[in-house]
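Here it is: the structure, laid out below.
Going by the order they are written in, the chains are A, B, C, D, E and F; count residues from 1 in each one.
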Amino acid sequence: MKRFILIFAILGFSLGMFSGIPDCLGDTVSEVEAAAAEQDRKLASFPQLLNNIATSTGIYGFIAGNASSWTNGLGMFLMIVVGFLLLYLGIAKKFEPLLLVTIAFGCILANIPLAGISDPGGVLYYVYDVGIKTGIFPLLIFMGVGALTDFGPLLANPKTVLLGGAAQFGIFSTLIGALVLARYVPGIDFSLTDAASIGIIGSADGPTSIYISSQLAPRLLGAVSVAAYSYMALVPIIQPPIMKALTSSEERKIRMSQLRPVSKRERIMFPLIALTLCLLFLPSAAPLIGFFAFGNLMRECGVVDRLSDTTRNALINIVTIFLGLGVGSQLLASEVLSLETLGILLLGIVAFCIGTASGVLMAKLMNSFSETKINPLIGSAGVSAVPMAARVSQDIGAREDPQNVLLMHAMGPNVAGVVGSAVAAGVLLAVFQ
Amino acid sequence: MKRFILIFAILGFSLGMFSGIPDCLGDTVSEVEAAAAEQDRKLASFPQLLNNIATSTGIYGFIAGNASSWTNGLGMFLMIVVGFLLLYLGIAKKFEPLLLVTIAFGCILANIPLAGISDPGGVLYYVYDVGIKTGIFPLLIFMGVGALTDFGPLLANPKTVLLGGAAQFGIFSTLIGALVLARYVPGIDFSLTDAASIGIIGSADGPTSIYISSQLAPRLLGAVSVAAYSYMALVPIIQPPIMKALTSSEERKIRMSQLRPVSKRERIMFPLIALTLCLLFLPSAAPLIGFFAFGNLMRECGVVDRLSDTTRNALINIVTIFLGLGVGSQLLASEVLSLETLGILLLGIVAFCIGTASGVLMAKLMNSFSETKINPLIGSAGVSAVPMAARVSQDIGAREDPQNVLLMHAMGPNVAGVVGSAVAAGVLLAVFQ
Amino acid sequence: MKRFILIFAILGFSLGMFSGIPDCLGDTVSEVEAAAAEQDRKLASFPQLLNNIATSTGIYGFIAGNASSWTNGLGMFLMIVVGFLLLYLGIAKKFEPLLLVTIAFGCILANIPLAGISDPGGVLYYVYDVGIKTGIFPLLIFMGVGALTDFGPLLANPKTVLLGGAAQFGIFSTLIGALVLARYVPGIDFSLTDAASIGIIGSADGPTSIYISSQLAPRLLGAVSVAAYSYMALVPIIQPPIMKALTSSEERKIRMSQLRPVSKRERIMFPLIALTLCLLFLPSAAPLIGFFAFGNLMRECGVVDRLSDTTRNALINIVTIFLGLGVGSQLLASEVLSLETLGILLLGIVAFCIGTASGVLMAKLMNSFSETKINPLIGSAGVSAVPMAARVSQDIGAREDPQNVLLMHAMGPNVAGVVGSAVAAGVLLAVFQ
Amino acid sequence: MIIEGVKLMVIGMAIVYVFLIVLMFSVMLSARLFKDSGAGASAGPVTPVKSRRNVTPVIAAAVKAYRTKRAGDSSS
Amino acid sequence: MIIEGVKLMVIGMAIVYVFLIVLMFSVMLSARLFKDSGAGASAGPVTPVKSRRNVTPVIAAAVKAYRTKRAGDSSS
Amino acid sequence: MIIEGVKLMVIGMAIVYVFLIVLMFSVMLSARLFKDSGAGASAGPVTPVKSRRNVTPVIAAAVKAYRTKRAGDSSS
C-alpha cells in the first residue's frame, strides 16, 4: 500500500511539474521550426476540446446531419437499424447468413456518421472500388460456385435444362414491371438499365445480380443485392403456395426414374461445351459463364484438386466477406431510403413468383409433349437459389408421397437455372453495353 | 566419352562461328530499324561491363552509398544487421515470431542497396501502399483477432472491464513523455501526432499501434511497430517485478470464485453492444472496433462458421505475412537511424511499465470499494498483449499459491485491454483527424 | 389445369395491356426529365435490335474482326483452339496441369471476340496489371516454392550445388541462339532483352521465367511462359536420350553413399546464407532469392508454422490461379501468332537440351577431379523442373540397376538449379535494368 | 418505354431458349460420345462408391438439411 | 506543447472510462436479458462439454503453453 | 549483336559459378558450425522419425509418383 501511494505521488508530481514548466524553456528550437510547429501545437482550449469531442460523437452526427438532409441524420440511423434487422434475419432466422450477415455489417459500418468508412479513403470504399465496381468479386464467387456445383443430375437428364430457361421469364417480366412503375408512379424513375438490374433479381442468383447491377445500375446495387439474397432465403415460403396452386395432386405424385450414371469425361466436357457455346453465340456472358465454367472444370478435371479445393474454401470465403461488406457499404441512407427501394422490393418478390410459376408451367408443357413424364414440382427449382429451391421441390413432393425422392431430379433444373440466368444476364449486357 | 567430346566440340565451334560472323551480314534489316536497334545493341565493352557488374554489387552499394550519406551506406548495412538480430529474437528467443520474423525479413529486403524493393515500383512498396497506408491490413488482422477472441471471461465478470481501462494510462503518460523529450532533448522533434503514435505503443496491441501510426505519423511506423511487438514479447520480463513491487503476498494469494457460464446469446450480443456504443459515442474508433466486432460476431453467431474459420486461419495468416513485410519495409536506415528511434524505444518500455502498474493499482482501488475481492495480479493483464499478459498473471499467482488458477480471470481484463486500447486510439483519431 | 390457363391468360392480358397503353399517358413526367430520358428510351427497332444481337455474337466477331486483320478474327479463333489444346495437354496428358490448365483458360477467355476480358476494364486486365506487371505473383509463387522446398539433400552434399550451375549454360546459349535467329531469319526481330527472356526458358523454372519476361520483355511473356511450362512437363521425354547419349552404362550404375543427417540449425542457416550472399554480390536477384529464402525460412524456422502452412497451401493456390489466368491473358492472337513464337518454341527446347547436357557433362567433369564419384545421371536434375528432373534421374538409373536409389541425391542439384537460375536471372536484370 | 421492355423480353427469352436448347443437344451428343460403358464407367449421381465422392457438397448439404428438417418437422 | 499532452490524457482517460463503464453496464443488462437458465444454457468458459468448444484457440493455447512452461520450469 | 550474347554468357556463367562456389563453401562452413552431434541431432533426409516430418511434400510426392509410375510401368 505504501508503494501504491508513493507511485501515485510520483506520477502526479511529475505530471504537475511537466505541465508547470514555462514554455520559454524551448528556446533551443529555431524560430522557423517553431513557427512551423506552432500549428501542430494549437490543440484547442479545454472547453473547446470538450466541445470538439462532443461534436465528434455519433449522436451529434445524427442530429447535426439531420439539419442538412434527413438522409444524413435520421436516415443513417434508420439504415443502421435496417442493418441490425438484417443481422437478426441472418443469425436468428438463418436467412442466407453468409451474405446477409456480411452485407448487414457493411451497411452498419457505412452509415456510421462522421466515420466515413465508405467515403473515399475509407476501407469499405477501397473494397467496393477494387472488388465490386470492377466485377472481380462476383466473378470469383461464380468461380467458387462452379467449383461447388455438380452438374451430374443435369447431364443425366438434359431435358431439365429447359426448366432452367422458363424461370428466366421472371427476369424479363419484372423488367417490364419496373418500367410500368417508372411510368405511372411519381417519384419512381427507373431507366431501362435500372429496370434490367431490377429484373435480374428474378434470376435468384446472388453473384449474377451483383455483377449485373454493378455494371448496369451501380446506384441500385445495394437494394438489388439485398432483395436478391432476402428472397432467395424466403424461397421456402414464397414457392410452395404457387407450386400447389398450379399442380394437381396426381401431378405432384409423379415418380421419376432413377438417374443414369454420368461418366467423368461427360462431366469434364460440360463446362467446355457451355463455354464454347457462350463464346460463339453470346460473348457478353463470357465473364460470368467463363469463370463459372473454369471453377467447374477445375472441380471435375481431377488434376488440379488443390486449386479447386482452395477455390471453394479459402478463396470463396475470403471473397464472400469482402463482397458482403462492399455491397453493404452501398446501402447508404441517401441512396436507399426512397420510394424506388420499396418498388424494388415489391418487384423482386413478383419476379420470384413469376419465375416459380413459369418453371412449373413449363414442366407441365413438356409433359404434354413427352412420354416420360416429369414431376412439375421440379420446375420451380429452375429459378436457381441452389440448393434451396430443389429442397422445396423435394419437400412438397414428399408431402403427397413420402417415398418420392425428387431432390436429385430437382438439382437438374436448379443448376440449369444458374446457366440460364447467366445467359439472360449476357443478353442484357449485350443490349446495353 | 566420344559423344562427350563431340558435343563440346560442336558447341564450341558453333559459338565461335556465331561470334565470328561479321556484323555486315545483317544488311537485310532496314536502315531505320537498325538505327532503332542500335541503342539496344550497345552493351558496354567487356571491361566496362565487368565494371558495371562490380558497381551493381551490394558491397559496392554500401560503400558508394556511404559517400553521399552514411544512412545510404553503413546505415543500410546496420539496418540489415538489425534485421538479422530481429530474426534471431523471433526464431531463437521466440519473441512474437509471427510478426518479428516477417518484419525482420521486410527490413532486410528493404535495406538491400540498389535493389529498391521498397522504392516505388518495388514489391514491398506496393505492399505498404496498398495494405498499410490505407489501414486495410491492420483492420483485417483486427478482424481475425476478433474471430480468435473469446469474450466469455469478460462477460462472466464485467467488472474486469475497468482493469482494461486503467492500462491505457500508459498510452497517455507516454504521450506526455514524448512531448517532454521533444522539448528538452535536442535532435528529437516529436510533434503532437508523433507523440500520440509513440504513446500507442503502450496499448500493447500490434494492429492498433500499426493502424494509429500509419494514420497519424507514418514516418514513425517502423520504429513504433517494432517497439510494440518487441515489448509485447518481453511482457514476461517487464511485468513481474512491477507486479510484485505493487502487491503484498496476501493480495497475490487472493482466490477468485469460479466464473459463471455465459450463454450463446450473451456472446452474440457483446460485439453488437460494443459496436453500438462505438457508433453512438466514438465514431472515430469505428474502423477498429467495427472490424473487431465483425470478426467476433462471425465467430459467435454460429451461422457463418466457414467465414470465421477462414478469417482466423488463411486470411489472418496471409495478411500477417504482408503486414510484417510492409511494416519491415519502413525500417529504412534513413528513417530509423536517429536519436528519435532511441527515444521511441525508451518511451515504449516506460509505456508498458506504467500500463502494468496502473492496471495493478486499479485492481487494488476496486478492492477497496468492493466486497468480492479480485486478485490484483490480474490487473496487469489489462495492457492487452493477449494472451501473454494473462499467462504472466497466472504465473506470478501460482508462485505464491500453486493451486490458484488465475488464467481465466486474467483473460477478462486482457481482452478488455484490447477494447480499451481501441477506444483510446479512437480518442486520438478524433482529436487529430 | 384451370389455374394454368388462367395464369397465362392474366399474364398475356397484362402484358398486352401494358404495351398497348399509349405513350401520352406519361405526361406527369416533366418535359426536361422526358428529354433526358429520351436517349435512354431509344432501344433500337425490332429488326435493328435483332441485327445488333447478331453482330454481338462471337461468330460474327470472328468474321468481322478478320476483315480488319486476320489476327483479330481467324487468329483469335486459332488461339482459342490452342487454349483447348493446352487444356487437353494439361488434363488428359497431365502436363504441369496446375499452370497449363489455368493458362489455357486465360488464353481462351482473352481471345473471345467482343468480350474484351483482357482489355482495360476487363477482369483479366486487372489480374495482369496488378499481379504480373508488378512482379508480385511470380514472387509469391517463389515464396510458396521456398516453403515447399527441402534443401536437406543439398546441405548433405554441398558439391551438388555445382551441378545446378552447369545447367544455366542452357540459358545463355539459348540467348545467343535467339540473337542468331534475329540476325538471320527475316521476320524475327529479337532485341537483347527479348533474347534474355527467351534464354530464361532454359532455367526450367516457371516463376523465374514469368518474372524475367514480365520485367524485360512483356510482349513475349505469354509465349515464354507457355514454352517454359510445356517443356518442364516434357522433361521425361526430352532428357533421357541426352542423358543416355552422354553416359556409359558403368557411369549410370554408380551408387552414391547415403546422405548424412542435416541439423535443424543448418536448415535455418541456409536461406539466410543465400540471402546474405545475394545482398552482398547480386542485389538485382534480391526479389527472387529474397522471397524464396523467406518462404524457406518460414518453413524451417519452426516458429511460424501457421504462416508457412498457409504460404504453401491457400496462398500459393490462390496466386497460381490468378497467375495462370494472367499469363494466359497475354496469349493474344495479335501478339502470339508470329514467326517469333515458333522461334521461341524452337529455342526453348534447345535450351532444355543444352541445360541437360551441361549438367551431365559437369558431373563427369567433377568425377575426373574427385575421389568420391557421383552418378552423372543426377547432373541433368540441375535444370530445376523440381521434382520432375530428379525423378527422371532416378528412373534412368533404376533401369541399369533397379536397386540404385538416386532420387534423394538428384534432389540436391535439382534445388540448386532453382538457386542457380535465380542467380542467372539476377545477372540479366543487373545488365539490363 | 414499356414497349422496349416487351422487346427485351421477346428477344431475351428467345436467346435464352435457343442457347439452352443448343446446350441440351450438345450435352446429349457429348453423352453419346463420352458415356463410359461397363465396369470402367465412373458412376453417376445415384450410384454408389465413386459417385458419392462426386456428389457436390451443395447436394450433400441439401440432402442432409432436408433430412434434418424432416426429422424436426415430424417431431414437432 | 506538454500541456497539450496533459489535456489529452485527462480527456482520453475520461472517455476511455466513460465508454468502458457504459459497456460494463450494457453487458450486465445484456446478461440479465439473455442469460439462459437450466439445462438449455450454453455453458461458460469453465463448465465442460459445450464450453470446451467455445474456448478460443487463444485461451487454449495459453493454458497449454502455461502448462508446458510449468513442466519445463519444474524439470529444470 | 551476337557478340553481345557471348559477352553475356561469359559474364553470366562466371557470376553463377562464383556465386554457387561461395555458397558451397558457406554451406560447408555452416555445416561445421551448426552440425548437431549425437542423439539431439535432427535427422537428415534419409534417417527415420523426425526426418520424415521434414521431407518436403515435393519430395514425398516425387517418391510416391515414382513408385506409382514404376508399378504402372511394370504392370503394363
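Simple rule for what comes next: a residue touches a chain if its C-beta (ideal position, glycine included) is under 8 Å from a C-beta of that chain, and two chains touch if they have at least 3 such contacts.
Quantities reported herein were computed from a predicted structural model and do not represent experimental measurements.
Peer 1: Under the document's definition of touching, what chains do subunit A and subunit C have as common neighbours?
Peer 2: B, D
Peer 1: Between the options C-D, C-F or B-E, which interface matches A-E on more than half of its contact pairs by residue number?
Peer 2: Checked against A-E: the matching pair is C-D.
Peer 1: Note whether the interface between subunit A and subunit B is symmetric in residue numbering, meaning over half of all numbers used appear on both sides, and answer same or different.
Peer 2: Different; most numbers are used by only one of subunit A and subunit B.
Peer 1: Measuring from the mean C-alpha position of subunit D to the mean C-alpha position of subunit F, what distance in angstrom results?
Peer 2: Result: the chain centres lie 49 Å from each other.
Peer 1: For subunit A and subunit D, let me know how many angstrom lie between their CA-based centres, rounded off.
Peer 2: About 23 Å, centre to centre.
Peer 1: Subunit E: which residues touch two or more other chains?
Peer 2: Residues 1-2, 4-6, 8-9, 11, 15 of subunit E touch two or more partner chains.
Peer 1: In subunit B, which residues are in touch with two or more of the other chains?
Peer 2: 15, 18, 21, 26, 37, 40-41, 43, 49, 53, 173, 176, 180, 183, 192, 281-282, 313-314, 427, 431
Peer 1: Between which chains is there touch?
Peer 2: Every pair of chains in contact is listed here: A-B, A-C, A-D, A-E, B-C, B-E, B-F, C-D, C-F.
Peer 1: Quick one: which bits of subunit B touch subunit E in the complex? Just the residue numbers, please.
Peer 2: Interface residues on the subunit B side: 148-150, 152-156, 158-159, 161-162, 164-165, 168-169, 171-173, 175-176, 178-180, 182-183, 192, 195-196, 258-267, 269-270, 273-274, 277, 281-282, 312, 386-387, 390-391, 394-395, 398, 407-408, 411, 416, 419-420, 423-424, 427-428, 431.
Peer 1: Which bits of subunit A are touching subunit B when the two form their complex?
Peer 2: 1, 3-4, 7-8, 11, 15, 18, 21, 25-26, 28-29, 33, 37, 40-41, 43, 49, 52-53, 56-59, 61, 80, 84, 87, 90-91, 94, 97-98, 101-102, 105, 108-109, 112-115, 117, 121-123, 126, 313-314, 317-318, 320-321
Peer 1: Which subunit A residues qualify as touching subunit E in the complex?
Peer 2: Touching subunit E from subunit A are residues 15, 18-19, 21, 37, 40-41, 43, 46, 49-50, 53.
Peer 1: Looking at the complex, which residues from subunit B come into contact with subunit A?
Peer 2: Touching subunit A: residues 134-136, 139, 173, 176, 180, 183-184, 186, 189, 191-193, 245-246, 248, 268, 272, 275, 278-284, 286-287, 290-291, 294, 297-298, 301-304, 306-307, 309-311, 313-315, 354, 357, 361, 364, 427, 430-431 of subunit B.
Peer 1: Would you pull the subunit D residues touching subunit A in the complex into a rising list?
Peer 2: Residues in contact with subunit A: 1-2, 4-6, 8-9, 11-13, 15-24, 26-28, 30-31, 34-36, 41-47, 51, 54-59, 61-63, 65-66, 69-70.
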